[in-house]
Amino acid sequence: MRVAVPRETAPGERRVALVPETVSKLRATGFDVSIERAAGNAAGFPDEAYADAGAELVDGAALASGADCIARVARPSPSEVEAMSPGTVLIGFLDPLTDSEGLARLRQREIVAFAMESIPRITRAQSMDALSSQATVSGYKAVILAADRIPRLFPMLMTAAGTIAPVRALVIGAGVAGLQAIATTRRLGAVVSAFDVRPTVQEQVESLGAAFLDLGVRTEETEGGYARELTPEQQAQQQAALEERIPEFDVVITTAAVPGRAAPKLIPASAVERMRPGSVIVDLAAETGGNCEATVPGEVVELGGVTVIGTTNLPSLMAYHSSQLYSRNVSALLLHLAPDGELVLDWEDEITAGACVTRPVSGE
Amino acid sequence: MRVAVPRETAPGERRVALVPETVSKLRATGFDVSIERAAGNAAGFPDEAYADAGAELVDGAALASGADCIARVARPSPSEVEAMSPGTVLIGFLDPLTDSEGLARLRQREIVAFAMESIPRITRAQSMDALSSQATVSGYKAVILAADRIPRLFPMLMTAAGTIAPVRALVIGAGVAGLQAIATTRRLGAVVSAFDVRPTVQEQVESLGAAFLDLGVRTEETEGGYARELTPEQQAQQQAALEERIPEFDVVITTAAVPGRAAPKLIPASAVERMRPGSVIVDLAAETGGNCEATVPGEVVELGGVTVIGTTNLPSLMAYHSSQLYSRNVSALLLHLAPDGELVLDWEDEITAGACVTRPVSGE
Amino acid sequence: MISDPDVVGLLYLVTIVCFVIALRFLSSPKHARKGNWVGGAGMLVAIATTLLFEGIGNWALIAVGATIGTVVGVVGARNVRMTAMPQMVAIFNGVGGGAAALVALAEWHNEAGPAWDSTTSIVLSALIGSISFAGSIIAFAKLQELLSGRPIVFPGQNVVNILVLLAATGLGMAAVAGVHEQWVLWALVALALLFGVMFVLPIGGADMPVVISLLNAFTGIAASATGFVLDSTVLIVSGMLVGAAGTLLTLLMAKAMNRSIANVLFGAFGQVQAGAGTARADDGRTVRATTPDDVAVQLSFARKVIVVPGYGMAVAQAQHDVRQLADILEGRGVDVRYAIHPVAGRMPGHMNVLLAEANVPYTQLSEMDEINPEFAQTDVALVIGANDVTNPAARSDPGSPIYGMPILDVDKAASIVVLKRSMNPGFAGIDNELYLDSKTTMLFGDAKESILKLISAVKAQ
Amino acid sequence: MISDPDVVGLLYLVTIVCFVIALRFLSSPKHARKGNWVGGAGMLVAIATTLLFEGIGNWALIAVGATIGTVVGVVGARNVRMTAMPQMVAIFNGVGGGAAALVALAEWHNEAGPAWDSTTSIVLSALIGSISFAGSIIAFAKLQELLSGRPIVFPGQNVVNILVLLAATGLGMAAVAGVHEQWVLWALVALALLFGVMFVLPIGGADMPVVISLLNAFTGIAASATGFVLDSTVLIVSGMLVGAAGTLLTLLMAKAMNRSIANVLFGAFGQVQAGAGTARADDGRTVRATTPDDVAVQLSFARKVIVVPGYGMAVAQAQHDVRQLADILEGRGVDVRYAIHPVAGRMPGHMNVLLAEANVPYTQLSEMDEINPEFAQTDVALVIGANDVTNPAARSDPGSPIYGMPILDVDKAASIVVLKRSMNPGFAGIDNELYLDSKTTMLFGDAKESILKLISAVKAQ
Amino acid sequence: MTPLPLVIELTILVLAAFLGFEVISKVPTMLHTPLMSGANFIHGIVIVGAIIVLGNANDTFTKIVGFIAMVLATANVVGGWFVTDRMLGMFKRRPEPKKDGP
Amino acid sequence: MTPLPLVIELTILVLAAFLGFEVISKVPTMLHTPLMSGANFIHGIVIVGAIIVLGNANDTFTKIVGFIAMVLATANVVGGWFVTDRMLGMFKRRPEPKKDGP
């Protein structure tokens, strides 16, 4: 089975779906791998490394032909879909819950598409869980962005020139990214509080040495470990509580998300204005609209001296490590779908069935 | 005695010489303070805060007149010197070792100028030691810049998608800034080595939990605790040793300086090219020419995939805390020169005499 | 100038000194074995002295008796399985008590009209010796599974017991008061035997070691009483040494089980006890709780220890203490490594964050694939609040929600110690077979507290 | 049925039991005072028993003697300054030894031709008692500064000492061999007194407590020997208890000073010793070294402790252990704070970096200005590898390079414990007056190791 | 042996009792069973009593009783010792420390 | 008292010696001096010897010697006890823990 990896075309996307290390592992198991020239450049993996790992370097035009599977990071453009032959297996972040148009295109082209987002979050699929691996990078990077933007030092320092007070940080939404943000903020020496609506999270927050900020808003956890959407009353209650507490903090990192929905608006613009000048908000939910009213997705804006970072696709800014993690996720999925390099699609299997978003009618 | 604080005019300078907290302390001791409008804005200290602290807010034009002392961060422009009346006390970073022209201007205008750089680094002057306080900020910020630029995570993480190897960092020159950089890098979870030519530094590096990289180059320490310049042979030896070791590291932070001289060139461009793509060098010595051959002072350049950060004046990027620290240094000096709000210049005093770079002929 | 009795006395004094040293040595791991040898030497001195100096006859009988006893002792002690050691201790303790009772009976028979103090000693020796004899036999039978290990109870048992003991005491008092009839002591012995049986019957198998220790102290006291009868200081001292040490040991053992001694001895009268922290799987395998002291000995004698941290370490915030324990062990020459499972904790890299905070060098951390082969050469796998990531069901049980997840092969280690608070499951909500493994012991409690106790205990080694 | 001698024996047994318990209690801080009371009770029982049952006369003399002794004892013990306690112990120990020797002399005088064993006891009692008497008097004189505290030596001293002791022993052997002349024992006593004097003279004042403890053990043995003379078990046992306990205590005390007992006793024969870690300022003030155990007691009994970390903590990388110690103390109800001097360490915020790494909550850290007023209410200031930042010269000595630097007012605390490796100066290269303060004790050694020892010691409290 | 005053025997008894308590002050749990077994062996000293009784026995009754006592006591001594020794055999020596630790 | 066999006295002596060693197994340094003082008091038991000698003295020599012994021994007992008590008086009670700790 031949796996082809294109150079990403989405704007700002620096990651690559397979890194050389994984390529050699796949080849050892019986896969053939083609890589589009310069596909790994932006992430720090030069073509020579791929060649050394046994990949065939091909031009973009030739890539899709002869490939049984295409592994990529972001969803393909319409023309890229066009270039794939029917029956090809496609792996990547395909945005299945919101990009129905894209899915229709794939279905029409009879592509067997597996969305990384749709891999069930069960224990044995953890090694394929790209949402988690990329969220880990985002959580870390969010803190670095905040530290870079804020005109303050994070740690407390008592010096001959007086004492520097530590930054007070708040993390809203302590999922994978939120927990990593908590850990990184604490590492840098800030005093961290965190808040989430899922009740099990409190213990997890405390297990990282941070304080749990109790706003009195709780919701259940779904099967997959996600949060349920709040009722409108709960949402109002949360906004009010946050509006009151937010000005205490110098750094706020928000990660609140409910799969398939727009991000809940948690921080009203009025709360932003009441923050101390120089404070920073990093909105990791910017992609789905942001948790903060002031967030402009993809941009960094200032509101009354407060910087609101709506930068999307943070993992792409850490392309080296995030590609490495993503590549392992992809190869774990590949090995699941094609244990010895030959495709064996078992539609009874929870992972295969769950991750597949379009498949040939015969199989349905 | 009236102290006046101008709004800084040097390009990119966001700091302010006195912050409101210090203003109230000075007023309590008998000082009067005037602040140019909007002087603290860039650093996050609004005019209202100064007014609350008891400062008089004045326009730029009116500032110098009636001031017995002008406290500032960067050296004054020629026109600003012109505006000061003879006999005025001036406090700031005046660059006395290199800016002879500026000094001449001040001497001509009969300004009693105290350079923060010239305050002797003796124990009881520690609270006035602005070099240390600003270097502390630089050391911290250098790490944040590196972390923001590098496409990797600093800490080691063992995850379901494989293990992320920790960043390997090297700090060259473990003075005040270097030690702080070591501490911050370690906080973020990198594996840190450090190197310096002063022999006492090894213990200090290890006291922060980092490893000392022994390149076999040693020099003595001067009275003030600074390093002596290396002999040409030593310098060659050091370059060669570094050229060999540098490619092991993902992040290099250089701080090597010898007061009054151009920064020693430690990292040849060839060494930079041999580093892994994506690596980052932060050159804190950029202001005096840089420790790295590839450094362009004030710029961020790329050389063979390696980012070389030559950004100068890092403290200005952390204007809130660096102003706060600087302000305490300045007020400590003010209280030394004018213990009860009245100027008492004791030219026998080691600090007063040492810090003064131009003074009326009568006093000489 | 030195008379015969003086020589005898001095030689017996040597025995006493040997015994004291023996007990001292036996209470430290380093010298324990030496202690037994010193005790043996003391015993030989005492026996030789008695044979040589106490002006005795009946050599043939003595020789035959000694031979039979030796054969029984050697064969019994040599051939028994290691796991059957406790019942061996019980039986050898019992025969000692029996011997003491018999000596008392003989003296009762021989002395025409012994004084009140002599009689008291005879009565005590007979009474306590017999209880110890009968009780030990029952303990033996229970442990050997000749009798059910379960507590055997019947209604009104304690009333009967007390009555029997009162009757025996009454007979003893009569004897002291001067009723010098042979049957008095025989009857007393019979009652004491009965009491011994009934005293031990209701006690469950798990508590037997404590009971044996108590009976051991009893035999010591009986031997001491025999010493009073025979005016023998060596018997008085040695017997009492064992009496006192045995009593203290009994208390220590009960304490180590987190039980009061009263609870051990009489707890079963109302209710069948389910020994603290001991749970039983459906197939009869049980979970074994352990103590910090025992784990400390295991760790101190280990060559290689692998620490397996999990979410529980994070919850307990025990990382600093874990590192300290590891440092101490390393300092003692133990090879310590940390095995980091990719999904230990609740976020990617959770363990890394905590262990970095505690300053554990990266070089001590091993990824799963790297460390798994090493468990086979590991003496102790110290599992600290990890659960799912060690669950063998992931390998063996296709029905399990974690089936297919790679796990840390802790079950390959020579022994496994698990620190957690209860038998509650982890994230996946499933039971862990590992805890039923015969090589696994559980140290229950908050991980931080357990580690702190372990540190103290290891330092005390 | 109970005879008089039995009653006496039982009462004396009560005394023995009391004494054993007293010693046990005296070795734990919690019960020590109770221990002394139990001992006192035992003593009263013994005295009353002797007076009532030993069939004696001379009541008036006894009463007068007892009264004089009581007055001397009470007045001496009550009026002495707290710092003079050691010499009081010495003197009361000496008189005990004297009493033992006198009893021996009296028996020698009274018994017509005592048996060899009795004579041996008399000789030992007289010999040891006299040495103890004379030695204790010299120890007293030295501590009270009636004699120079310095070692007093002359050439050939040890040869002379050995000869004197040999002569005394020779006389004793003659006595045992049957030379029952009065002068023999008198001469022996005279030689023993001489030996006692010469034995203690060469020992320096700092080592005196060890010597007193040894002489204390001697007196115990003398009393025990007296017991043999008088056939008194209570004397034998009590004396020997003190003999053994005193000997062990002597070893422990020498160990606590990091000296061998031989070094203490004979070290001065060649050379004047400068007691380990004891330095002397020009004006005669000395630096006092302490032990982890002592610091542990201080910390455990403190209400408020301020930790003052400095560069030495960083060098030793002791931050994690410091936090652990603080946690333990906090857990025991001690109020613990950290005082952070602005320039402690070698870079701005050095202590913050380390303590944050060790997870010390920011709220426990106090800036200098905030904490300085609190030292006056602090029981122990625990200075860990900090030096310059605590140096009072910054306040008082205008010539000092650090004059004018604000410092942490540790010298205001009730007691100060300094952990460092030596008397070497810190960054500024100057001596620190603080170490000569009478409230300061030094715990020498690497800070990490010292803290680890402190943790063990505090836990053992 | 010549009979001793009862009170002397009691004194000895009390001293032995204290000593028994003190001597095993701190035993690690792991040594509980071996220590119990060792103590069990020590009370085998009752063999001295058995020898005296049997050695001085003149009538058949005493001989029988003494003989049984002799057998039992010997079993106690011999068995007790060997069991203890076997148990302690399980304690291997601690490996030599590789480096100096705290 | 009736004379005891020497060997019995020796037995008692040995037991007492062991007990003396064992009973003070672990003393914190701070208690060294008080413990020494307490032990010092206990050997004041020699007062029993002094009483016996003086109480049974018939000649002047014995009376004088006995009297001095009596004075010395009493001083040992009384002084020893009070000194110990004063020293121990310095040990204040530990404050009550504010909260539960490890």
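Order of writing sets the labels: A, B, C, D, E and F. Residues in every chain begin at 1.
Just so we're on the same page, a contact is a pair of C-beta atoms (placed from the backbone, for glycine too) under 8 Å apart; a residue touches a chain by one contact, two chains touch by 3 or more.
No experiment lies behind these values; they were computed from the predicted model shown.
Student: Shared touching chains for subunit B and subunit F?
Tutor: Under the touch definition, subunit B and subunit F have C, D as mutual neighbours.
Student: Examine where the copies subunit E and subunit F touch and state whether the two sides share over half of their residue numbers (same) or under half (different).
Tutor: Mostly same residues: over half of the interface numbers shared.
Student: Relative to subunit C, which chain has the most distant C-alpha mean position?
Tutor: In terms of C-alpha centroids, the chain at the greatest distance from subunit C is B.
Student: Please work out the Cα centroid separation of subunit B and subunit E, and write it as a whole number of Å.
Tutor: It comes to 78 Å between the two C-alpha centres.
Student: For subunit A and subunit E, let me know how many angstrom lie between their CA-based centres, rounded off.
Tutor: 72
Student: Approximately how many whole Å separate the CA-defined centres of subunit B and subunit C?
Tutor: Chain centres of subunit B and subunit C, defined by C-alpha means, are spaced 68 Å apart.
Student: Taking each chain's centre as its mean C-alpha position, how far apart are subunit C and subunit D in Å?
Tutor: Measuring from centre to centre gives 40 Å for this pair.
Student: Where does subunit F touch two or more other chains at once, residue-wise?
Tutor: In subunit F, the residues touching two or more other chains are 2, 4-6, 8, 11-12, 15-16, 18-19, 22-23, 25, 102.
Student: Provide the list of subunit B residues touching at least two other chains, using ranges where the numbers run on.
Tutor: Residue numbers touching two or more other chains: 126-127, 132-133, 136, 155, 157, 159-162, 164, 187, 189, 209.
Student: Using the touch definition from the top, which residues of subunit C touch two or more other chains?
Tutor: Touching at least two other chains: 5, 8, 20, 24, 233, 237, 342-343, 348-349, 353, 356-357, 359.
Student: Taking all chains into account, which pairs touch?
Tutor: Listed by label, chains in contact pair as A-B, A-C, A-D, B-C, B-D, C-D, C-E, C-F, D-E, D-F, E-F.
Student: Taking the touch rule as given, give the residues of subunit B at its contact with subunit A in the complex, in rising order.
Tutor: 14, 43-44, 46, 126-127, 129-130, 132-133, 136-137, 140, 144-145, 147-148, 151-153, 155, 157, 159-162, 164, 184, 187-189, 276-278, 305, 317-321, 324-326, 328-329, 332
Student: Show which residues of subunit C lie in contact with subunit E when the two form their complex.
Tutor: 5, 8, 15, 19-20, 22-24, 26-29, 32-33, 35-36, 39-40, 43, 46-47, 50-51, 54-58, 61-62, 64-66, 68-70, 72-74, 76-78, 80, 82, 85-86, 88-89, 91-93, 95-96, 98-100, 102-103, 105-107, 109-110, 117, 209, 212-213, 216-217, 219-220, 222-224, 226-249, 252-253, 256, 291, 293-294, 296-298, 300-301, 303, 327-328, 330-334, 457, 460-461
Student: Can you name the residues of subunit D that touch subunit E in the complex?
Tutor: Within the complex, subunit D contacts subunit E at residues 5-6, 8-10, 12-13, 16-17, 20, 24, 233, 237, 448-449, 452.
Student: Spell out the residues on subunit B that touch subunit C in their complex, using ranges where they run on.
Tutor: Contact set of subunit B toward subunit C: 155-164, 166, 189, 191, 209.
Student: Which residues of subunit C touch subunit D in the complex?
Tutor: Result: residues 1, 116, 320-321, 323-324, 357-359, 456, 459 of subunit C touch subunit D.
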